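Handing you a structure now.
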């Protein structure tokens, strides 16, 4: 399915949080993980200031001029994402990341799955997750 | 209609301006407006440093390598948007926002309508309007 | 008195808020105000996304490694500044700006005076107030 | 062909480099170039800190959680772009820009052509090239 | 001793790195640490994208126009700081942070002590260490 | 002479411009210049988006709340700096850089000397010149 941008407004809310993680495939040895993931496989973890951009789409309500009330979106993100990941270890502390290698790709998809059921069908448009100032992932659902 | 990105170049010009506004539905009481819009309904106004990204699309002219001359686009934005909104009150001072609740969505659409007639058909691609560092809207026309 | 930077740590907390204001000397005519203040004197107001940097100084407590607990500073800023100015009109809604022309200079000094009495003597070091991405003021007290 | 965003992850790597250039059509006189290109036609060159965003797309490998290894992408960009353009004159020093007016559009397309053959078919999604903080171009291939 | 800014040039180099840490006083219980440090005391760690600004001062060499060669400074920072902390756990992996609570203050001072012996006496001027976009520390030595 | 920050307001204006340059000592061979300056000595030039921060200091006029009118400062910067360097070659096109190696240090001092005579004595406080996102120089006069 291709995406139709027209006749739509896209609202983006930016949030941020901090977390520790490591990238390692549990089926591999430390040496194999180090070879593939480099310093990201450091057994004692490393961490990031993540920046999260959540984009929802729709048509403004003529009574308010709002597609959605950003405060409600912000509260949803807080409840279903930030409260679970901020100042946490993504590998150890976050139930929705259980058994998932916390690559930016996998983490972005997991955040989509945390938010999508709490929004009207079709409203969630994109999760952009920025891990460093030089890298980010966009995910539009599946 | 879906959007075809390929065979196209997308140029974006960034501009900024400052304005006051309030969000309130004139049919509602102050209490109702406060409930829906929160502090944004403050009767004495508040304001923002808006950042505006105007994206145009096309194929470069082989004589210049330009899809469009950015100076001309910048002048268009100045004449039809910035000169009318910078250091103004969006609710009181801006004819093209008359009777429109100045939500980011409605304001982005109004900016589209200010610019689109002055550009070749199909050239305007997107208006991104950023109200704070944590919120922006994208509008691709209708 | 000159400032001694050494033997000291300087902690800066960044906050942001939005407000409307206008620059006008009440003793002057509209024409005089327009001449001096330009668009900033627009009678119907304009506004900004202000960015506030509060710097405190001191020596870290060996038990915590903290000069101050940033959460306490953040709460002080919220109580004595943000709750009073965010989504407000600086000329009309803010008691601590009463009868003060809300230039960035005057506003920075007023924020200093809001915070200084609530901190240990000598701890407040600098108020940086950024009005637009192209202008800011630093104030180190008096 | 329209673009299908869904069922895909989009990874973006940000890089930067510095270069000199001028915009001038060699068939035109200096006066004609000055008229069209303004200061960008200065015969003695000017220059920019370019920021380059390279976006690749795909599905994560379940063994790694990676669509691609960003280190490999970063190395490709270094070899085929940065090592050829950083601290260079785009008009004089860069073989892949030979006889091309170095507008942002033309330069973005040339960077696409430098990278695309070294990636699996269909993996390169977008070249965003930012020339100043107020202007950038997106190119999605042809 | 007060600082004399005049007759001097101040050069700042910006670097960045990622690390995990936790804030906890080993003499305290988990409950006490949680009370003082909040989420920063999470036993399973969290992490940050740190931004480091190293400022050196001096007078330019008339032969080069350089106070110092920034490449040499950058290499020093890499050898004595980045290679030891990037993608590491500040509490477990970094010898120069051994037995030090890794607050931003303590970490900034430790970075100063890593760099200062490798520079001519008096050349190091300031370590600015930014832990999040909303907090940073400046340290000018002792 | 040490600097007294107190009893003073410090206003900073941010401007930007683009220029080409190269770093080379005319008394040296190309090989010697390459050894010292690396890619910055490229004979065909390279370039930058410079960001300039001009800080002036003083006490606000009680009639306006302004230390200085920022529009006047901005006009001074335009006349005495931007109009002379924007879209220029610092080595070839700029009289006030004649026979000066355009290092960031030397360029910052030259900008100081361009502006200082046009301001009341003692009002100019600092020139910060940022050459890339990772390097800048501060100069407080002599």
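Chains here go by letter, A, B, C, D, E and F, matching the order in which they are written, and residues are numbered from 1 within each.
In this text, a residue touches a chain if its C-beta (ideal position, glycine included) is under 8 Å from a C-beta of that chain, and two chains touch if they have at least 3 such contacts.
Because the structure is predicted, anything quoted here is derived from the model rather than measured.
Engineer: On the document's contact criterion, could you list the chains that touch chain A and likewise touch chain B?
Structural biologist: Per touch definition, common to chain A and chain B: D.
Engineer: From the C-alpha centres, identify the chain that is farthest from chain E.
Structural biologist: Using the mean of the C-alpha atoms as each chain's centre, the farthest one from chain E is B.
Engineer: From chain C, which chain is the farthest off, judged by mean CA positions?
Structural biologist: Here the answer is chain D, farthest from chain C.
Engineer: Fit chain C onto chain F over the CA trace and report the rotation angle, somewhere between 0 and 180 degrees, nearest 5.
Structural biologist: 120
Engineer: Using mean CA coordinates as chain centres, what's the chain C-chain E distance in Å?
Structural biologist: 28
Engineer: For chain A, what residues touch not just one other chain but two or more?
Structural biologist: Correct list: 2-3, 38, 133.
Engineer: How do the chains pair up in terms of touching? List each pair.
Structural biologist: Per the contact definition above, the touching pairs are A-B, A-D, A-E, B-C, B-D, C-E, C-F, D-F, E-F.
Engineer: With touch defined as at the start, can you tell me which chain F residues reach chain D in the complex?
Structural biologist: Answer in residue numbers: 16, 18-21, 38-40, 42, 44-49, 86-89, 92-93, 132-133.
Engineer: Mind listing the chain D positions that touch chain A in their complex?
Structural biologist: Contacts found on chain D: 2-15, 55, 60, 63-67, 69-71.
Engineer: Which residues, counting only chain C, touch chain F once they are in their complex?
Structural biologist: 1-3, 23, 25, 36-38, 100-106, 108-109, 133-142
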